[in-house]
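Both of the next two complexes hold chain A, though its partner changes from chain B to chain C.
And now, the complex of A and B:
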């Protein structure tokens, strides 16, 4: 589809961003503001034997130096409280914060950081998650048993969280197979790499603090500050100016408390701005490295008899928000296929790497890459076309999925058919070209979420929401939902958002959930106003409220449009009486029960609200002499339910595909032998550029689902990031003759694989 | 940190400042960016040469007394954007245009200069290999006079040159390319913008009337401390056609003579192999140009290099 066919919906924040008039956190300047810098461990594993900040404290121009001794004794992190704001005794990765400085200028702060004396007894870094699972392995957290943790978590030593999915009898299933195919895949870690490095500004007035921060989750950030600095929520206000991208990398609570603590001690506002290198190495939001081992039993007719899988995820030094990753990864090791017998074991394991955390569809692109590569191997083993194999085994409407969830209307098979047809799958291609196909799935995340809507006395609307924007445009789409309910135009609404002191709770720009949950809240709030408007109009038009229709900025009697009153007039009446105020949150949709499956370490990820499906068909060209791969075109078909804002939806898919190509070919974290990252610049960590972008053809398979968001919308921000790398892999495997076993599939790795005559 | 910045309005002013210890800054895309990433601090004294219009000229100049062949004069301040779009350069010095067209992004090419590229002396610089293959020279000038140095003698190691601290490069001179000569530059790149050569190769070829090679030179990018000129080409190529056999022999020669390192971008083994591939592709493209074929600038895009060759034309629809 060309863009001209897509209905236009111009983002309210677009002009600010493209003209440069918009302000980001790093742009803020407050009177008397100081600069913050952190002292990092710089080593992956060690015991602090000496920490002396005296010289730094005494330097002219230094107003605060803080260490673990200067903040409340609190362990935090959402599901396992394994972390403190400042290193205590042990440092567990190179970016561990040992001390923080606030000084008059960044240069003085840097000099003060250099003047801090820290000595370590170096400990052997634990870097291989598989080896770390061994009982004899040294521990990243000696005291893991003493940490407060969710009672549902299955933990042991370095294994921070374990999950299994079990159904039927996997051994019996394998025994029924004509062929058994086993493979092992290793995905390197990678990064969200938002264009804006993180920044935080904090200012105290009396005993209240306002924090401006580049977070995707202001309410989580507030909760982290309240927990670690022991403050009630009503004394902490978190405001997010424009956010320069996040991709999940800015989820979670990060450095807001450090900066707030510095500002309190210094008695001045303090600003922290990360360098690109810090953005790469310090936050607990690396996309996790994963090892996936898969075994599938298949009959000659192409039916799957069993799947056995083991997934090992590199947690890094702290759990951050990753405790649910094992079960999510396990779901991707099963995939949207009919698998009668399965046994998947999945764990996230502590190491001395930078901590992992949610990055756009956590665990999914890597595990999908492994599974879908494996599926192509399975199809090849029985001489079946891989697309035909998927059509035979994919879940569909009315079927019971591999974990016992029964699906309402879903569009996966249509996605497969349409994407492969549009891509010309099966047609003759020039030499060194191939089309790889992969499918993916992803849940929609239901959560509590709130919004207010009001119309002022001139009829202008405001949406006051807790929702957060991270570039998806989802918040902007809220205007469309309110406009639809009230018979107004999206432009009639301003949005007040990204401020914990004005909007009700929302989970943030995370889990593709804004439209799904906050959309529901806005619809509910708007409906309350619509109700009020109908009553006001009914009085004036001498009709029953039920017969009043709101359309074109007017309230009119159904069937007689000449009998109408402008909404502005009704708003003026309301303005001197009962004000037009709505508030909504509604009850989140509930995931259907799972039947006949057994989950150990259940994280609620085995059954999904509004499940999303996708198929990507990637046409690529390989230079066999160098291993360099170029993606020529991508055909992407998505079932993400009803599409409310087509322009925003296409943008999500296109951005995610380009990100997926980067993960497939050029990105990937590189470590030295001590566990420190080596490619911490945008020159050596190679994102795709505009010049690399293929032509992208997106189609939405819109099937209505009751169990989803407003008007049947599901999530969309993460789903399109899942199947691209897998489809690239399958195209490459066709040209090379064997699958690529490592992600990213860099030119050199491809060339190595070709030179070795396949793996 | 820089404490003095002189914006020179005349060449003499610039040379005088350099005689007093100032470092020149042209586009600043190496100097400033390098300082920001901590490669080397900004010099305390800088002289900006970007307003010197006499350094922003492209044209032919007469040859010297020992060799009267006219020379192409490319002023040091000529930007990569100017080079890639210059009709004379694109037509007759295509290898240089190929290289400039690959530099960074449109903004890097608008600001970055040939003088800065050559004097920065990175072994990964893109204009180096085609310039060396074409036998180019640098004109160095100081308050005490001017001299012309072949590039092979200019570069002494990564980031170092034989130019004195007071010498400004005012121009690059390239011996005039005769009608039968063609040149090309190709590089291995993992992405199509904001990239640094993993390896690369530049070639210049003159053909005899029968299509066999009369003269050929190949230089390699990012496989040694400086841009590396291939030796022993004559024995392989003179009098032979550029066919699969001779091209593979050149690829092997390039792989043999390369002394690459392993770093984040590639292993030495991979570089050694791929520089051979680049060498044969550059030579082939130069030969085709010498034979009169038009291959669009840069060869990398025209040939779809960075993925399989000759396919770009068939897939013109794909961006």
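And now, the complex of A and C:
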């Protein structure tokens, strides 16, 4: 489909967003509102020897100054309770919050922060995750054993979470190989970098608090506030105004409780707005740096006999939501290939860097980049074309995958065939141009999720949902699902959303799960109303409810369109009797079993509901004199099941590919020798611009998928962010003659690799 | 800070309305628009001239309002996103087209993007794709990958869409 052929889909939140009338969190002002500022540690590792906030508290215009001593004694984080709201004794990264201030103006708050006295005994920063795994390494968390943690986690010292995937006999598999290829790849950390820096506003009325916040996960944010401030859920209301992007960077709970605590102490509403530098350095949502070591055994005919891998992930100072990352990364070190014997060990390791957290397809683009670069090395070693190699080894319908999951109908091979064909793979190209190809996979995340749907007495509809819109259009698409069930138009519905006090639970804009899970809930709720409408219509039209069809805003007898009644009339009748109310949550699909594989530290990631597949073919041009890479075009083919909203789906793929090109070429966090970030502005941390961006050609291999989302849909938002950097790498490797070993593949690194005659 | 010494009373003309404001001489236009005048459609993304979310027009020229002194705009015409639509019932073709082409996701870059596009179309009524891409290269978008925004600007240039009140679809 070209752009102009994609069906029109105008977002319900669109007019707010193009006219400037839509409110984002930082746009909110409340009477008497104060400004919040945080005092950060500014050092990566140290012991607090003195903390004195007296001068700050005494300043005119300062209404609250809080430290660890002023909030409940609670450790939090989802799977390992390793964190407190404010630093306690030890600071573990440069952005650790030592104190918080609320004052009449941001300027006074800043002056008060400057007046807080903190002295440290500086400790040696622990910055290399591989060295930190050593038994002799100093510990980031001396008390790690005392933390409450999930019993399924395998932990030891700085290794916060360990997982392995094992199948067959890897040594026997390697012994059968004609060639054994080993490689090591290192990916730097990077950032989600949404254009809206985060903001939080909190206001207490009596013993209840309302928090407006730029979060992707309002219910998680509420849970965090309840846990840390020790409040029941019904006294905390989290509302998300329009959200200015997230990409995972705004998942999890963090600053809402600090602002709520300040507002309670000050007795006034308080607003926190991050600067761009804070957005880069403070949140526990950096994309993790990863070291990937891969060994593959292969026969001359191109069949893989074994894979051995070791993955080391830089956790940073706190676990945040990353305890499942090792297993997810391990899956990407295997990839969607038939591998009979495998042994993958994977761990996430504490360091004194900013904490990592879920950023769009966590671990996947980095490990996919490593694996797919390695796959091209393997294919080259046996003189096989890398696309042919993938077609030979890729999983397909009816096959048993590397972890023993049997696949229903999937479209990976079609993705590979179509993307490479459309890209002109194999044709002769001008000098210094190449096409690199990579494939990726990603799960769909099943979760509990709820929605109400109602029709009022004039027939106008409302969808009241707990789902969160972060820009993807997933919540906007819910109107289409309700309209289809009720024979109405999407614009007949308004959506009430991202407010924990009105909508039922939803996991939030995370895990590509909104349409998958909340879509099912909306369909279920709409079906209940449809049933009521058919009964009402059956009475009036003297027909059986089963013979009533809802279409074009009317209920009509099947086969007799003249025998019809407008839905608005039925809604009016219901308005004085049994109201038209539906509620849905449905049972989340269950992941299929894994057969014949063992997992230590299992996090439920070895078998996937609605597995998604992709192939990206990237055509690029390299200037060998400077090392500068220019991406010319990207052909992307995706199996994300049935596509419900084509325009939204294309938008997801296009945005993710541009993000992927940034990850490939320019986006990487640089640290100084003490572990502090060096590139914390958009001048130094380069995002792709309109002028940089190539043409993107997307095709969907639509496979109806049972046991997934509504109408056979799978997730989509993260999958297209996985294979792009890998495809860029494979194009570059063809031109340079050897793979790039570090991500991002900056001009400087490319030039170095060329100069060294390959690595 | 000695506000009394440096602050002065000025009139700022924003979207055709004259606003009396008392401002510090060093105050940037963005904070005056958002904080004093109450027009929050203009966004702050970086305070560093890098993202373009705060783009407004001053006498038709696009400027990053985060780094433009408010005092310098006295006697000049400022256009913000709130001043782009011809009336509350009607959108500008750029607004309609960016929405219909799928160029809006989270929407945070959208106001700045629309103002940059408007300035571009003023000086180059029929831009090539490359001219559009260069014209918008000061506006970062993290959601869309730009293609649909570029298409919307080209559609507008081609007059494919006239102003419409059809905002609720």
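Basically, the second predicted complex is superposed on the first by the 759 of 759 C-alpha atoms of A that agree within 3 Å, B and C clash if a C-alpha of one lies under 4 Å from a C-alpha of the other, contacts with A are read in each partner's own complex, and residues count from 1 in each chain.
Convention: a contact is a pair of C-beta atoms (placed from the backbone, for glycine too) under 8 Å apart; a residue touches a chain by one contact, two chains touch by 3 or more.
Treat the numbers as computed from the prediction; the structure is a model and nothing was measured.
Engineer: So which one touches more of the residues on chain A, chain B or chain C?
Structural biologist: C
Engineer: By the touch definition at the top of the document, which applies to A:23: first (chain B), second (chain C), both, or neither?
Structural biologist: Touch status of A:23: second partner only.
Engineer: Does the superposition put A:242 against chain B (first), chain C (second), both, or neither?
Structural biologist: After superposing on A, A:242 lies in contact with chain C but is clear of chain B.
Engineer: Would you check which partner chain A:683 touches, where first means chain B only, second means chain C only, and both and neither mean what they say?
Structural biologist: In the superposition, A:683 touches chain B and chain C alike.
Engineer: Examine A:546 and indicate which partner it touches, taking first as chain B and second as chain C; both and neither are also allowed.
Structural biologist: Once the two structures are laid over each other on A, A:546 reaches no partner at all.
Engineer: Between chain B (first) and chain C (second), which, if any, makes contact with A:60: first, second, both or neither?
Structural biologist: neither
Engineer: Could you look at A:431 and tell me whether it touches chain B, chain C, both or neither (first, second, both, neither)?
Structural biologist: first
Engineer: Using the superposition on chain A described above, determine whether A:691 touches chain B (first), chain C (second), both, or neither.
Structural biologist: Once the two structures are laid over each other on A, A:691 reaches both partners.
Engineer: Pick one for A:650: touches chain B only (first), chain C only (second), both, or neither.
Structural biologist: A:650 sits against chain C, while chain B stays out of touch.
Engineer: For chain A, which residues belong to both interfaces, chain B and chain C?
Structural biologist: In the superposed arrangement, which is not itself an observed complex, chain A uses residues 681-683, 689-693, 695 for both chain B and chain C.
Engineer: Please output the residues of chain A touching chain B within their complex, sorted ascending.
Structural biologist: 430-433, 619-626, 628-630, 632-633, 665-666, 670, 678-679, 681-684, 686, 688-695, 746-748, 751-752
Engineer: Mind pulling up the chain C residues that touch chain A in the complex?
Structural biologist: Per the touch definition, chain C meets chain A at residues 1, 34, 39-48, 50-51, 53, 80-82, 84-85, 91, 95-96, 98-102, 104-111, 114, 132-134, 136-151, 167-169.
Engineer: Name, in rising order, each residue of chain B that touches chain A in their complex.
Structural biologist: Interface residues on chain B, with respect to chain A: 37, 105, 188-196, 264-267, 270, 273-274, 277, 304-309, 311, 314-315, 317-319.
Engineer: Mind listing the chain A positions that touch chain C in their complex?
Structural biologist: Those residues of chain A that touch chain C are 3, 6, 8-11, 13-24, 26-27, 107, 193-197, 242-247, 273, 275-276, 470-473, 491, 647-648, 650-651, 654-659, 681-683, 687, 689-693, 695-696.
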